[in-house]
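Every chain is named by a letter (A, B, C, D and E) in the order it is written, and numbering of its residues begins at 1.
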Amino acid sequence: MSDPLFAVHGLSCVRGDRTLFAGLSLTVDAGEAVHVRGPNGLGKTTLLRALCGLSRPIRGEIRWRGERISDLAEDFTAEVAYVGHLNGIQGELTAAENLRLASRVFTRAGHAGQGEDEALARVGLRAQADRPARHLSQGQKRRLALARLLVLRRPLWVLDEPFTALDVASVTSLSSLIGEHMATGGLALVVSHQAFDLPGIRDFELARYCRTRR
Amino acid sequence: MSDPLFAVHGLSCVRGDRTLFAGLSLTVDAGEAVHVRGPNGLGKTTLLRALCGLSRPIRGEIRWRGERISDLAEDFTAEVAYVGHLNGIQGELTAAENLRLASRVFTRAGHAGQGEDEALARVGLRAQADRPARHLSQGQKRRLALARLLVLRRPLWVLDEPFTALDVASVTSLSSLIGEHMATGGLALVVSHQAFDLPGIRDFELARYCRTRR
Amino acid sequence: MTGGVLGAMRAVFVRELLVFWRRSTEIMAGLVFFLIVTTLFPLAIGPERRELMLVAPGVLWVAALLATTLSLNHLFASDYQDGSLEQLLMSPYPLSAMVLAKIAAHWVLTGLPLALLSPLLAIQMALPTKAIGTLVGSLLMGTPTLTLIGAIPAALTLGVRGGGVLVSLLVLPLYTPVLIFGAEAVAASAGQGFASVAHLSLLGAFLALALSFAPWASSAALRVSLD
Amino acid sequence: MTGGVLGAMRAVFVRELLVFWRRSTEIMAGLVFFLIVTTLFPLAIGPERRELMLVAPGVLWVAALLATTLSLNHLFASDYQDGSLEQLLMSPYPLSAMVLAKIAAHWVLTGLPLALLSPLLAIQMALPTKAIGTLVGSLLMGTPTLTLIGAIPAALTLGVRGGGVLVSLLVLPLYTPVLIFGAEAVAASAGQGFASVAHLSLLGAFLALALSFAPWASSAALRVSLD
Amino acid sequence: MGKFSRLACVTRLIKLIHKYGAPKRFYELAGTLTPWFASLTTLLFVSGLYLGLYWAPPDYQQGNAYRIMFVHVPNAWMSMMAYVAMALFAATGYIWNVRLADILAKATAPLGASFTLTALVTGSLWGKPMWGTYWVWDARLTSELVLFFLYVGYMALQASIDDPRRAAHASAILAIVGVVNVPIIHYSVYWWHTLHQPASLTLTSQPKIYITMLIPLIIMSLGFMFFYLTMLCVRTRSEILWRERRTDWVRKLVESRS
């Protein structure tokens, strides 16, 4: 059996002086998605940020294609797309410009995904393409952040509460987007309190690795 | 039949050069709650802000206990509690301090609601009472914003996507909080894309008053 | 009811002090800036006492004015971003009273320490001792005026593209009279020692004027910005 | 692969220019500030040509330095708040290259126009014509150094309480040598007309030094701040 | 008069404003007025310049240099009057939500700024022969410069807010606050002893200037006033067209033209 694409072993994270979780292990392989669950304040955001290399865990190792992500450095981040609590949108640029520049800055030659028009249409923002992002409503901003996933075409998606502020139709359409991503061999880590319908997603209870009270 | 407590008549709102909705009418009486619904970018947030006097609509009138809210001025805001997309929390203060100061600044003599300890316990933040709000997780911050509702004891609650970032248990507990508020004669206007369970809440489709495309 | 307003104003005032205190370094924004500017000048001009003395009143007042302008950005901006400002608009008391409390707290944390610290810098800038009293007096009367007036553009430019600079642009014309009379007062008492009273009383008149309309105008501005 | 880095750097550079451009007034943050400071001085000091001339090199250089310090806050802060910075950390190219592109764009929009505008203000401040060339030259070499060095504290203080002041506090000691040699160069060529070359070449050496370590240090600082 | 009837009066006034303040009506009204204003302006300028430059004798002290007065003084007056007009328009728009008033205020700003700039430039040109310097930091000069900055600030604020209603309201507050500067400009020469001339024309006393200089000055002043009205009509009309570009009447207008 070959190594899993993404493997986490013995991970511990600390915030302030409290250990949020310890000894966490998790493997995700091509075409798999994991739904990380747990009540507010358990450490889900902290976990995701550690997994995509934004913060350094105090213990444990994270491997991508068998190599440590700290060794891979940019070669790892080139394969991850992260959508966090913050949208990472420039209010001054229009929706289309936001995507265009993201694809320039964040894709290596030959790795570009869909064009920005296609991506905007997919998340239902075609009419808003030329409006400054700061004028978009909360839900429209969130959709724009998610459109980046389509433009970048990265194998590993790390999504922190992606359904926030989305209306019912958009929740369904995002679920099916993740489904398509899995079908083409992508990996996804999703944190969400909101129920969503995605066949084949695996639940992961973070609480199992948390010893202390919140 | 006496006048309804809160009555909106012929309301129109404009953003940029687009009319979001026009001729909107709505009445809410003591003990009633309304769930304002509509897809992203329809104008729900704009509506709520107009209803609690934060923005001046270009046409229409809003009456509270039979009088225009623009005439009532502070006598109206003294009876409204608004929780918007932003939490309105000072990251530098602890959770308890945030509530204590809110109750000082925002309540007229003799109108105070619950003490801050009680309110924090109710939203499950007792353990975080003395932690700076900036260290709270996304969901914990949202709960703190909602705890303000308990501290202030205002008859009209205006809630813009209050369930954002809340875990499953908190969603239930907030719904029952709104239920209790209704039972004691309170009014509530709620915008939410997320389903929640609250007997007796009335649906209000904003789309009926929107003519233009988004 | 009046007691209510005063109580709420006190609460806002205390809250501001507390928040600023927690953002410990930010308290001193203006102060540090003031220090830096007045320290840089001798460095850049060279240490000749006579030259320094000539420009000292001007430099000290310009530095105070710049420090106030800079700290204006903190007056409403962070409250605007985290949503506290919309909550303040929902207060059961007149917004202008709440704004006045905020301005007062802001001045206590920026203008007041600056005025109190100024004698030290005056000595460093070789200002004659007899002018130091006038310097402190003019700053004590001038800086609250600056904060009061500055609150209006600060409120107007919330959420506006490039608010930061716009504030400087809008505030400059409103500040010039205060600057001129403040610096004149100090220069006058560094020279002959009289005439500074007339300038100081004009500063007092400006303060009274600003107190009477600035809270009102800036609360109107806040309502527009949050519309 | 290298072409990729350069392409991405160009994209970051263009994006920065574009974003700044949209925040139209913010571009001029430093510029307007520079203008204001140099306009305020004659107002406060009084219009005598001789006095103005004496302090002109110092005032102009201090104003340039302050303008750069102020605009440092915009270098990373708004990207940090809206989450763009964490996205930049997820770029497939070395972070230091991206940071260098950001710094370059920032300088083009703040330092460069300031240097180009300075002759106008020099005339207003009654600086001798023969010193104007040196002024522009010293600013063209000095301001990029200031931006490069300033990026480090700007990155370190992200999300830190009262970051704004801390930056000024941390940056001042780093800036003093540049300030002293810059102002000296101008003063020297306003006086005898020689000796300014030595000062200018020192400024060049500072720039080379800053270019070699600042991008690396500030990207390390960014990683720490976003941990 | 009781509170009630006064209230009724105000209400009637507001209704009147709203009726004639409809942008479409004003567009038509301004359209008919513009040619009249324009020809009056030309007439006044031509006769004023003729009288000022040829008919009026040279000053016994200043020779011919004083003739710059016929441009300087009207522009200085207009710079202040335009500011007051702008503030009044802005206040009307802000308090009663009258869109036309917002547009009038916005259209006045660049006109006022150019009057101010002209007064500053002609003043400094005049200052060279009179005071031996182009510029001093005198109270009147400084306050006039402040007026210029106020106009610039007003326009910058308008330009940086893209919601037209918010832009109008925000800049209205600035305009109203800035009105304080106008009396300061006027009285500065009395309050502080300065280089600048005190008023030579007052309503209450005999004019302190020769009738031969007074007549062209008055004619030129009227000329600049009608120039302002002409330009105001033109600017307002184009702003109305832009703001109402999506409405039916503008569409029809454009179709009928092309």
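Assume a contact is a pair of C-beta atoms (placed from the backbone, for glycine too) under 8 Å apart; a residue touches a chain by one contact, two chains touch by 3 or more.
Everything numeric in this text was worked out from a predicted model, so none of it was measured.
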Third chains touching both subunit E and subunit D: C
Number of hops, subunit B to subunit D, where each hop joins two touching chains: 2
From subunit A, the most remote chain by mean C-alpha position: E
Same or different residue numbers at the subunit C/subunit D copy interface, by half rule: same
By count of C-beta pairs in contact, the leading pair of chains: C-D
Per-chain Cα centre nearest the global Cα centre, belonging to chain: C
Of all other chains, the one whose Cα centre sits farthest from subunit D: B
Chain centre separation in whole Å, for subunit C relative to subunit A (CA means): 45
Distance between the centres, which are taken as Cα means, of subunit B and subunit A, whole angstrom: 31
Subunit A and subunit D: spacing of chain centres that average the CA atoms, whole Å: 36
Whole-Å gap separating subunit C and subunit D, where each centre is the average of the chain's CA atoms: 26
Touching two or more other chains - residues of subunit E: 137, 142, 156, 160, 162, 165
Subunit B residues counted as touching two or more neighbouring chains: 15-16, 56, 85, 92
Residues within subunit C bordering two or more other chains: 22-23, 81, 161-162, 166, 169, 172, 176, 180, 227
Contact set on subunit D toward subunit A in their complex: 3-4, 7-8, 11-12, 14-15, 18-19, 22-23, 81-84, 86-94, 98, 226-227
In the complex with subunit C, residue positions of subunit D that touch it: 22-29, 32-33, 36-37, 39-41, 43-46, 51, 54-55, 57-59, 61-62, 65-66, 70, 74, 81, 161-162, 164-166, 168-169, 172, 176, 179-180, 183, 187
Subunit A residues touching subunit B - in the complex, by the definition given at the top: 15-16, 38-42, 45, 85, 127-128, 135-140, 143, 161, 164-171, 193-194, 213-214
Of all residues in subunit B, those that touch subunit E in their complex: 14-17, 56, 58
Subunit C residues within the subunit E interface of the complex: 152-153, 156-157, 160-162, 166, 169-170, 172-174, 176-177, 180, 209, 213, 217, 220-221, 224-225, 227
